[in-house]
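Okay, so here's the structure we're looking at.
Labels run A, B and C following the written order; every chain starts at residue 1.
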Amino acid sequence: MIGFASYAFFFLTTALSYAIICLGLNLQWGQTGLFNVGVAGFVGIGAYASALLTTPATDAHLMGWGLPIAAGWLGAMLVSGTASALIGFATLRLRSDYLAITTFGVAVTIHLIALNAQRLTGGPYGIAFIPRPFNEVADRPLLFNGLNLALVAALTFVLYIASERLVRSPWGRVLRAIREDERAAASLGKSPSLYRLQAFALGGAVMGLGGALQAHFIGFIAPDNYLSSLTFLVWTMLIIGGSGNNRGAILGGVLVWALWSASGVAIGAIVPAEQQARAAALKIVAVGVFLALALLLRPRGLIGERTVVSRHLDE
Amino acid sequence: MNLQFLADGILTGAMIGLGAIGVTLTYSILRFANFAHGEFIAWGAYLALGVASASGWLVAGAAIPIGPLSFGWGLVLALLIAMPLTGLLALALDWALFARLRDKASSITVVMASFGASMALRNLLEFLFTSRPAYFSRELQIAIRLGWGVRVTADQLALVALTAILVISLNLVLSRTQIGRSMRAVSENRALARVAGVDVDHVVRVTWLIGGALACASGVMIGLVVQIRPFMGFDMLLPLFAAAILGGIGSIPGALMGGLVVGIAEALSAATVGAEWRAAAAFVLLIGILLIRPAGLFGARE
Amino acid sequence: MSAALAVTDLVAGYDPGVPIVNGASLTVAAGEIVAVLGPNGAGKSTLIKAIAGVTPVQSGSVFLGEEDITRLPAHRMVRHGLAFVPQTENIFTGLSVEDNLLLAAGILKPTERAGRIAEIYRFFPDLARQRRLAAGRLSGGQRQMAAIARALIVAPRVLMLDEPSAGLSPKLVEGVFARLAEIRAHGVAIVLVEQNARAALAIADRGLILVEGRERHEGRASELWGDPRVAELYLGGVRA
């Protein structure tokens, strides 16, 4: 029973870390209509930044400054947010597809750097010994997992409240106005590029934080954690949960992660070892079809956006 | 300086260019960046592999190399059959997914759907064929010396010639035929094209067929000079987009030139910085062009 | 005499709840120019766009002679002999003048195309001289001529133009309208949507004043021109 509770805590911790990434994506896509195909890249930036800041000094990779975990997480947000701002600066004034293409390039390039800049990132071996929160009680799994869950749940709650307040603030209304009708918003003297840039950078920072959290809960990262299948999974979470709605983002994160890990467990148990790679591929096919069906049949997700679009900007 | 990188770059550039033409066509006529285009390259290669193996089973001698080339007429036949098949695959995907979203959703939703479709198609290949690489031919080729330290194989020369033939024919179709004029018209102004009597749905179908067929040719080329893997198309995606944007969206010669630029930049970075960094060359070019001249180097219009 | 184009009680607009054209009717005979006038936002453009199949039609009917062409897709309208010249972006600027004409000739039999284009060039000699030029490089007046030429390629029974005078100098407007009068002489029925009421009524046979999506006044062009109620509409007496 304790084993089960401990596992449930661990599962929820991971699920909520995805929910946080979804909140970041929701800020970019749901509120602002910016299509980021490089979620994995920005999550990876956060994970690597925090890992490099907090791990003890080592020969395996550069930095290793041994900073406190909180400093790592702040650093992760800062680096991911800055990277997002730079990408946004280069592409947000152009057609929306160019942002998609460029962020895709970011993810590919980040993976390449993680894999090949061995002196900085540890290369294919990744980075180990990332300090875990509450490591002092790691020998008591229930307490350890419970404390971690409490921490990530608190963070999710704070981010949720902050996102909700942003949505309702004048700033959030301008964002949605830009998403609905860019010219009308621009005619009111709001610079669409600047607002988009802010939303994109902020969303990127939140994703980076999500990546850092995951890195610290697991204690080890490697380049292949940050492939396009991660981007794809996060997108599916947001679309299923309901883009434009922060509660939908959290719900989608938990629900899709549950399905994803349950099917992973099922494949591990049922499919013979030599066929598991194939089964895993089939699993992604299924999610791809699922995402396509969701887009076709229920584009608003489980909890769609409440219509709070500011009518006064429609004139 | 050893000019081998130039020869390698031109060959890579030809493969990128053929794929980028499909990207630029769908982008300018259907108005969305198709993330599934790389999968047409991979599926094209596997379809050709299937036909080539079948021809080898059915007819003795289909796999016997032609002259100095590494492949037999079975592969030529396979290319001719797999090209329209890949076009049909593109058409089927449009029918099942994109067409249904195009009318009711924003264009960026279609981009997202193409991203999902690319994951599904790629992993379906991995499910069917596993990630183990496959080859059209295991014949070894003796390289021909061209001087200045440049060595090329007969296959490579044949593939560059194939690219030239395909691109020139496509350009003739676009500039001289009614369907070509219709495609240019739809890419410039879809609403006016309708008013002028152009059946836009027909133009869209032809666009998918052409894009899919050229992607298949590109996939067969990659399969011949590198190898066939489920991820081969995905790895091409960034170079394809970079080439299409470099060349100016909508421009066929631009896409080919963009492909050559990206190909040569990749080969140059492989020769100087290291082969593991070649994929970053496309990204650097992409960011550079977006910052300096987003309309592309060869694009005529904004 | 049966009308070349007969529109009855047309309701149209992108949002079915908010029709922009709201029960408009209109008939045009062969060899007749009907000017559709009205204040800004009256639905003039939407009316001919709906007839041409560009804007969705909610109810009402459009007959071309005896044929019901209501809700045919835009690209099929041309095949039935209804040609439409939009107000802006009415030629393909990236295509040469000749390619613009060849494109439009696509619905003719291949053997007829060259002959028809030669005819059009005789009618618009300026365009013949510029046939290799990208249409985007034509001057404003020539552009409008090229757009009309593009529409005439298919020898339409009905030609509809959306504000052909927009952005042109009075002298050029005169030239364009003189061409329309010649086209009328060939028996084509013409629907002319115009802001420039003076120029339009000067060549039109009949006029139609559209207000809030339906016709308010209708009559002979000369009568409308003198009608004080019409003048009042244009001078801002009535809310647009």
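Convention: contacts are C-beta pairs under 8 Å (C-beta built on N, C-alpha and C of every residue); 3 or more make two chains touch, one makes a residue touch a chain.
Owing to the predicted nature of the structure, the values given are computational and were not obtained by experimental measurement.
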item	value
Chain contact graph, described as a line, ring, star, complete graph or other shape	line
Furthest chain, CA centroid comparison against subunit A	C
Chain at the geometric heart of the assembly (C-alpha centres)	B
Centre-of-Cα separation between subunit B and subunit A, whole angstrom	32
Chain centre separation in whole Å, for subunit C relative to subunit A (CA means)	54
Length of the line joining the C-alpha centres of subunit B and subunit C, rounded to whole Å	43
Per-residue multi-chain contacts in subunit C, two or more chains	none
For the subunit B and subunit C complex, residues of the former touching the latter	178, 181-182, 184-185, 188-189, 191-200, 300-301
Contact footprint of subunit A on subunit B as seen in their complex	27, 32-33, 35, 97, 100-101, 105-109, 111-113, 115-117, 119-121, 123-124, 126-127, 130-131, 234, 237-238, 241-242, 245, 274, 276-277, 279-280, 282-283, 286-287, 290-291, 294
Residues of subunit A touching subunit B in the complex	33, 35, 37, 90-91, 94, 96-98, 100-102, 104-106, 108-109, 112, 115-116, 228-229, 232, 235-236, 239, 277-278, 281-282, 284-285, 287-289, 291-292, 295-296, 299
Subunit B partner contacts - residues on subunit C that touch it in the complex	52-54, 73-75, 77-79, 84, 86, 89-95, 99, 102-104, 106-107, 150, 154
